[in-house]
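There are two complexes below, and they share chain A, which is joined by chain B in the first and by chain C in the second.
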Partner chain A sequence: MSDIYAIFKREFRSYFDSPIGYIFITVFLVLTGWLFYSSFFILNYSSLRGFFELLPWMFLFFVPAVTMRLWAEEKKLGTMELLMTLPVRDIDVVIGKFLASFCFLTLTILLTFPLVISVVQLGNPDMGPIIGGYLGAILMGGAYLAIGMFASSLNDNQIITFIFGVVICFGLFIIGEGFVLIRVPGSWVPVLQFLGIGAHFRSIGRGVIDSRDVLYYLSVVALFLFLNIRALESRTGH
Partner chain B sequence: MAIQHPTIKSKTLSFTSVFLMLGILVFINILSYRIFLRKDLTEKKEYTISESTKSVLNQLDDIINITAYFSEDLPPYHTTIRTQVQDILSEYQAFAGNNLNIQYLDPGKDEDLKARIARMGIPEVPLGEIKRDKQVISMGYMGIAIQYGDKGEVIPFIPDIANLEYDLTASILKVKETSDRILAWIGDQDSNPQDPNGYKLLQDELNKNYVVRPMAPGNLTSIPPKTSVVVVDGSQALPPRALYAIDQYMMKNGKVIFLVDGVELAEGQGLSAAPVTADVATLLEHYGINIEQKLVADRRNAQASFSSGYVRFRLPYPLWPKIGGESFDQETPAVSQLESLVLPWTSPLQFETEKVPGLQKKDLVSTSDVAWVMEAPYDLNPQQQWNVTENDLVRSVLAMECRGNLVSYFKDKPVPENPEAPQGNPPKEEETVGSTGDAQFIVIASTRFVTNQFLSLFGENLVCFQNLVDSMVIGNQLIGIRSRVVSDRPLEFGTNDEKAIELKKTNHRLMGTILVPVLVVFIGLFRMMMRKQTKRKIQSMIQGGNHE
Partner chain C sequence: MIDVQGLTKRFGSTVAVKDVSFQVPTGQVLGFLGPNGAGKTTTMRILTGFMPADEGSATIAGFDIYTQSLEVRKRIGYLPESAPLYLDMDVPDFLSFIARVRKIPASKITGATNRIVELCGLKQVMHKKIGELSKGYRQRVGLAQAMIHDPDILVLDEPTSGLDPNQIIEIRELIKELGHEKTVILSTHILPEVTATCDRILIIHDGRIVADGTPEKLASQAAGESTLWVTISDMTDAPVSAFSRIAGIKSVAKASENRADKDGQRIAMKLHPGVKPAADVFRCAVEHGWTLTELHTESATLEDIFAQLTR
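Moving on to the complex of A and B:
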């Protein structure tokens, strides 16, 4: 546990020891705020639905950008070998790194709180979908992070790992979307719908916390972290 | 974590463990679909079956059969609806236990079954889907039949599940009833939904739960006692005999909803308004209720669309007060859960207690505190300057419910002539009922708010009217389900001043888009400065150490 915490601390601090973390947060907040307010006053409805509809698409690019450096940079800077010689287990390293990026992403999501202040001050929103939306966003972000970390472990080049991450996340996102579902045989629909990342986010975003949706995200996280550990082990020969 | 080269054996083990992990996760997820927990965080518990439905299901004392007819090979989009319907029906089953028998049937190629459900009123409907990059139409079933003994109700087609709970519960209540619920509509029978001033859309909706019987006021001599509720369209001319029929129906404890105007609108060269005394106002005045010949305006209002030459524009229109929140009586379930109601060109209602001492009145709907009234001649221009001082502001009652003792308007008066009585024969002696101890009626100061035009603009008006009708006939059982379907949460800027509104919008845009990022940048710069300072200190310490 102390190993995980040490790695978590080192990784989490690293986001704020370089300009990358600040640039990421700033760009994310400006872009989501600008896109949200461009339709908020036209729709004249006190809800954050517009913001939550944006998030799966924003995450497709932002989350792999957070994770692309997680392993690739270690390799580039030559610290990977150092990390591997330390008396820590692969699983601890993976979990520590994941938790750090997860907390960083959660912090970024929570910094959109001025949007909540806007809808509360200007109307009488139903807080259920807002709480659900944030919880769903954090869970979906966690799933994207696990995928992005796995992608980062596959190659030394950050650009390539970013593209890998985007492609896997995009694939898992669109398979459950309507424009794909209308083109597949009916018997595939329930399976693809279940596998799609966006459908579970929308389900929680309604304001309904369903154990099935939560378990789905936890499963995606567990699977990709496991694959990540395996990818590391294949390099180290464990 | 020593670096080694992977062997074939370790690779095989790795693949095996990945598949094992995948299998475990798939198994857990499949299991989670059988055992799961849900927490509905929405304010009105929109995604959980309501307390009203639970109460109806708990009170079932005999078996009701529900058969869902869904085709197996539905287009992909509609399979989602089938799953959602199954979820809802399983919740119904959980609360009704053995008193609900639910089964799912695919009519498939069974021609006998197809013919039987077609007779019941469930059609095979055309459903769109995309096959090989082409839009094709396939046929399928998506309906539900609810049966109790020899009585049955159907939901012919379920395009989505938004109203499914209401339709199911209403159908269960309906099949359990021993007789039809009859709603007498005293006014013209409307058949054209395009007529903006007609009531076709409302009557179609009411027909789902009631047998709506239009009664022409000119021929109205009496109202059958089996009638569950009467709606009086006050914009119609009501001859004395029709008024007598309504009064006597009330004296026999009949329930009535009066729609009445204090100001009449005329469309000629533009819209104009004039005071009006509706025929039914005479009756209502006797019952202690006056409709003032004034127009109500409110700073909390709906937007109206107007045309000026070739241009159409939308403006906030104070003569369409938008009722919300505390302006609904919070103790009356029929209105307490509503979020909005728009009453166009309405008038204030006054209640004279001394005239009807035994009658209890409840204000169902009022304006906001920032409303005022306009007297004749009325200026309806939406672009006028609404010059109102704080002294002009007054709260007006726009709908009220009365219950209790009532004396007949026709007590000790001659019975109006029956126009349908055969000529030449002496009229049959009719006995007037002089009073009742259990009168119940609702007065709404607008005949327009449920016309086709306003129902298509403001769907929440329909919910309000249906709730009021249901509360008089069925009770409050269905109200809780219907009210939560409609959710209107507009932005409120607390002012009608365009400049103040724009300023607020700009402030919120800046706060939401710029404020936090600027803070983040400052914190980043501050930390970088601090780190540089620390770095310099360390460097100077090292250099100092080296000199020594």
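Moving on to the complex of A and C:
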């Protein structure tokens, strides 16, 4: 437990030891804010629906950018050798790193609270979907993070691991979306819809928290953290 | 303390380490010597639990490196090649991270850090980011993280690379001092380094151990290879066999190339160990009426042994 905490602390601080964390947060807030407000006043409808519909697409690029360095940088700098010869279990390192990126992402998501304030001030929104939306965003973010972190363990070049991350996330997102579903045989639809990342997010976002949706995200996280541990076992030094 | 049996490691079709076995008792400083790519780093990476070997086994302090990897890693301090460090961290943060992971009790972290900062001479750079440090200071931070938990076993991959001559001497002294109570494995391709610091040398070449012994033992093996160089200014075609009758000379050969600064024919005589036939050679030359312009013995050193074994 103390190992996980030590790894977590170092990793979380590393987002802020260099300007990278601040840049990420700023870019994310500016982009989501701009995209949200640009349609908010036209729609003239007091809800965060526009924001939450945007999130799966934002995360597609933002989350792999948050995770791309987690392993790639360790490999590039050679600190992988330092880290993996410390008396720490692989699983603890993986969990510590995951939690660090998870807290960073959660912090970023929560920093969008001015959107909530403006919606509340300008109208009388239903709080259920807003709370559900944030919870869903955090869960979906966790799934994207686990995927992105796994992708980061596949190469020592951050640009490549970013692209890997985007591709895997996109694949898992797109299979559950309408424009794929209308092109597949009818019997596949419920399966693909369940496997897709987005449907569960929308389901939670309606303000109804179904244990299946939560379980889905936890399973995706567990699966990719497991794959990550396996990827570490096959390390060859570079 | 360290018992290595038949380690083999392949990368694709190349064999990096081939059936390497050795034992290191407590309190010995063992030097891995070998050209680049000989398998020193790979052997160290296997021992420190960074990567598994394909064949063979090893125990460190009685713990198996595979099944009890965590126990092994707790007892080792490891400085990887070229001291990789988290460049964005500052020195105290980095050391306290290592101290935490190394399970140094919270109450003792400050003490341990101060001790190691003193030992490695890091006081002046405590406020700096590691990325801003020179190569020499990074190397020292690497040493500090390897020793902060006062481990029984130190594995140091090229510990003095990037250091200036004064620092090299300091680090060598430190390693020697540590070697009294700790087991140290260090690798280097700098020959004087092993003679200065190690109790024992393993020369590794192409993944195999090609020599094993104390620096003195290896040097004395080399002494059997000393050569007597003679230059005779006025001998052009005369037979050199006259010299081969002198006791103690193994073989005589004309040097193929004459050195510009030596006038005449250069002759190389391989000597049997422990003989000093220079006087006889001089008399022999006088008897034949030759003029000697050079006469000196070149005894082989560790360099020669190294060159011979790793060519």
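One rule holds in what follows: the second predicted complex is superposed on the first by the 235 of 238 C-alpha atoms of A that agree within 3 Å, B and C clash if a C-alpha of one lies under 4 Å from a C-alpha of the other, contacts with A are read in each partner's own complex, and residues count from 1 in each chain.
The working rule: a residue touches a chain if its C-beta (ideal position, glycine included) is under 8 Å from a C-beta of that chain, and two chains touch if they have at least 3 such contacts.
All of these numbers come straight from a predicted model, not from anything done at the bench.
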Which of chain B and chain C A:Thr85 touches, first, second, both or neither: both
First, second, both or neither for A:Ala222, with chain B first and chain C second: first
Chain touching more of chain A, residue-wise (chain B, chain C): B
Touching partner for A:Met1 - first (chain B), second (chain C), both, neither: neither
Partner chain(s) touched by A:Ile42 [first = chain B, second = chain C, both, neither]: neither
Touched partner set for A:Asp17, first chain B, second chain C, both or neither: both
Overlapping contact positions on chain A, where the chain C interface meets the chain B interface: 17, 81, 84-89, 235-237
Of chain B, residues touching chain A in the complex: 1-7, 10-11, 14, 17-18, 21-22, 25, 28-29, 32-33, 36-44, 46-47, 73-77, 79-80, 83, 129-130, 325, 487, 489-493, 504-505, 508-509, 511-517, 520-521, 523-524, 527-528, 531
Touching residues on chain A, where the partner in the complex is chain B: 16-17, 19, 21-22, 25-26, 29-30, 33-34, 36-37, 41, 44-47, 81, 83-90, 111-115, 117-118, 121-129, 131-132, 178, 181-184, 186, 189-190, 193-194, 206-212, 215-216, 219, 222-223, 226-227, 230, 233-238
Complex contacts: residues of chain A adjacent to chain C: 2-3, 6-7, 9-10, 13-14, 17-18, 77-82, 84-89, 235-237
Chain C to chain A touching residues, read off their complex: 11, 42, 45, 48-51, 70, 73-74, 76, 78, 80-82, 84-89, 93, 97-98, 100-103, 129, 145
